[in-house]
């Protein structure tokens, strides 16, 4: 047990054994009033923020793309609505003093997971039913397979936040799906990152990587995913620091991507004046923040891993 | 801002003058251009700046030769000059008079003749296809026509160069022919009209593919990606289209070539020794003479033989490079018949380039009882063109026409590009009438051969079958249409049976070259622009090699 | 006859991103075509007007596209198509001969000028011309079918579909630069395109067309 850290920090990172063996901690840990924050509160709130960012990306991206599709199928209204509900839930999750799972939040997250999965199926059907079937042309121009996954991820991340908080509150351990939360979350995040990389890679391949910056989302996030996975499997100080750095880079990439996509819109014929064509046809401005959302989830995973390794 | 400033009329006076040429990528912009004196011989004077002349001018200049390229037409600024209007954009075509005759008159103009810097590539439909390799040995391997004096493997390398230069947007893999490298840009989205071609092809067990097009699907240099406006054949006002005006000419000027617009060449001068000495051209109302060590004629298959014939002299009474008697003969066009119909859904076919999908099945399937091949591609005619098909092809007029035209948004069709056979009777000759420059106009005699008619009949049957299989109703045939030109200065390895050799150098006059579709001894079943540019790229390399060996 | 695209006017987009400056200049000039005749004589003009009215009948509830003026302008400015059939004289001469020949045929068949005939009689005469059944001294050796197809039909129909009124009539989106099109799939329309009035949906189509911009 480290004695140099201030008491509150020690309390946050303390284990049950610590409390049993330290009178000061025991005293400090006596509930004077109901404690709002559980030890995993920080990462849990971060996860809600991640879910919100993912939700925001999906809200605007699906709105524009389904507007382009003229909302031909009534179900196309579901993703933006679900994303909005997730954002609301996540805001609630961040603001609420009790980080335990909340039934309405969970409902929103589960719904978005379901709608995302349904959407992925729809999109796959769309790609395969177009003449030519499953091939480059329809992958380029049919409904994007990765986009519904982003909605599902928003739900997964939000659910993770709620489940980790609930598990910790009721069992004292931060777990997810019965496994240590940090590692499970890291695995989910890495997978999510690689999925987003594939989607961005496909679209940038369609754009012929005509601007060198288009290589960034297929080079940086994979490193982050790999380093995060490494830190989860072998959490040393170095690996955790590396993961933190690369996840930081990835979250910045998500913001830089927005600026770069705006630049892309300006390069099209008529630029921003022709926004009614170019915002819809051009590089999707709301898409890059998915990387930011996932990177934040990864950072939350790292914090949980750090905690667990003490 | 620029809408307030009146842009000078490109027809009023030459734009490429006084040391500068228009910068087509900047509204009202200029780029500096080197100029050469008329009375000092340049290495190459090139007549025509299209797919052949524009490409050659660029590569020769980049290799260090001094080049002056003349074009009878104006130097357009697409961003400033091009309107979204069929009639207004007739200004891109060669609309000077030509007399057409024969059983199957050749309709001249937007289907085969451009008049501007950049030539016909300013109005072409951007379809950029490679020849089937066997076509380069049509006689030996397929039993018709004549062999090209160039090997297909050599051409394969030049096709690649051309595709890279033009940033061709094409499919990741191509269904026919030997493996080719991936096209530099990805294919464009297929529009509703293109999907119907695909559906019809699949119903007949044929492969199809998104069309390789010379317009970009993502930004390239200063070209924005295509906005799918569908006015491609009336001039691309965004510069997404990779015409010679936008690809080659700026490179040529940057490499030190001089472009002279509104410069009609009337005669290639030859001396007593039988060599070309330069060209007479009319510019700003006066006839001038540009001295040159080499003359390249690149006016495409009507203007090239016209110039060679007009330049007859005492030494060459039958016209230049005509000891074989073949200048102007073996004129070929390409059958462009179509099958149209309508569907219940709205197609709005003019959104996107005309041909977003294509099938080359009948270029590679030899189970036919006629020679040659053809492909077919989607279409998206604009109103006047469509009305002309309804009126001209179906004979509709009156109420029937007007009501029928209201179905415009539901129409769909496919059009073939076929391989016509060479026939010496199909030819370009000089008429007695003269034009506004005082030069004799051309008389174009054309009739389909029996083989052509068999090919056309087969194509119409197949296309109709395919449209019906795709669910198209009320199908009808456009029985007569043609596009592209070729053959009137054919290349070969025998001076008695050809006008130029494999290097596009005329047999009779060793410093007189032809660099355009006129040199095609066979025309193939695909649009010719990519092959013309590939031949020009090869010719530039050959000229460089010959120069290094002192054989120029 | 009810419009298939009620309320749709392609000119409503004149000052939007669908039209650029060269387009506005060209269409302004097109709409302001001089009324004519400048090339044809008064009698030829009379016949021409009647022929145009049969080749492209126009509804009376809107200003007509001045087709005779466009044909007259084409001849007056000698706007060439870039080719001439060996069997036909130059276009101006072809038209004058043709119009005079049509008059002569009308007189011969009905003892009245072409413009005085009933529409059915006019159509019948034009159909005979289209089939090449008319010849004789007035035609001066000019094949009537060729003249009909390559001049009468070609020039009049091209003039009609060069006019914004015709574009609106067929529901064509019209000029498109710098703004092109986004939705390329079947059944999909961009907000700046015409809406077709399917049975029962005329009012909805009209409302959408009035919002097209």
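Residue numbering begins at 1 within each chain, and the chains themselves are lettered A, B and C in the order written.
Just so it is clear, a residue touches a chain if its C-beta (ideal position, glycine included) is under 8 Å from a C-beta of that chain, and two chains touch if they have at least 3 such contacts.
Note that the coordinates shown come from a computational prediction; the quantities given were computed from them, not determined experimentally.
**Student:** Looking at CA centres, what chain is most distant from chain A?
**Tutor:** For chain A, the chain whose C-alpha mean is farthest off is C.
**Student:** Counting contact pairs per chain pair, which pair wins?
**Tutor:** So the chains sharing the most C-beta contacts are B-C.
**Student:** Compute per-chain Cα centres, compare each with the mean of all protein Cα atoms, and return the closest chain.
**Tutor:** Central chain: B.
**Student:** How many angstrom lie between the CA centroids of chain A and chain C, rounded to a whole number?
**Tutor:** The mean C-alpha positions of chain A and chain C differ by 60 Å.
**Student:** For chain A and chain B, let me know how many angstrom lie between their CA-based centres, rounded off.
**Tutor:** The mean C-alpha positions of chain A and chain B differ by 53 Å.
**Student:** How far is the middle of chain B from the middle of chain C, if each middle is the mean of its Cα atoms, in Å?
**Tutor:** Once rounded, the distance between the two centres reads 30 Å.
**Student:** Could you list the positions in chain C whose residues touch two or more of the other chains?
**Tutor:** 177-183, 187-189
**Student:** On chain A, where are the residues touching two or more other chains?
**Tutor:** 269-270, 274, 277, 281
**Student:** Going by the touch rule set out above, which residues of chain B reach two or more other chains?
**Tutor:** Correct list: 189-190, 195, 227, 238.
**Student:** Quick check on the complex: what are the chain B residues that touch chain A?
**Tutor:** 171-173, 184-187, 189-190, 195, 198-199, 202, 210, 217-220, 224-225, 227, 238, 240
**Student:** Going by the contact rule set out above, which residues of chain B touch chain C in the complex?
**Tutor:** These residues of chain B touch chain C: 2-3, 80-88, 90, 93-101, 105-109, 113, 189-192, 195, 226-231, 237-238, 343, 345-348, 350-352, 382-384, 386-388, 391-392, 395, 397-399, 401-402, 405-406, 408-409, 443-444.
**Student:** Give the list of chain C residues in touch with chain A in this complex.
**Tutor:** 17, 177-183, 187-189, 191-192
**Student:** In their shared complex, at which residues does chain A touch chain C?
**Tutor:** 68-70, 72, 269-270, 273-274, 276-277, 280-281
**Student:** Within their complex, state which residues of chain A touch chain B.
**Tutor:** Residue list for chain A touching chain B: 130-132, 136-137, 140-141, 205-208, 210-211, 264, 267-270, 274, 277, 281.
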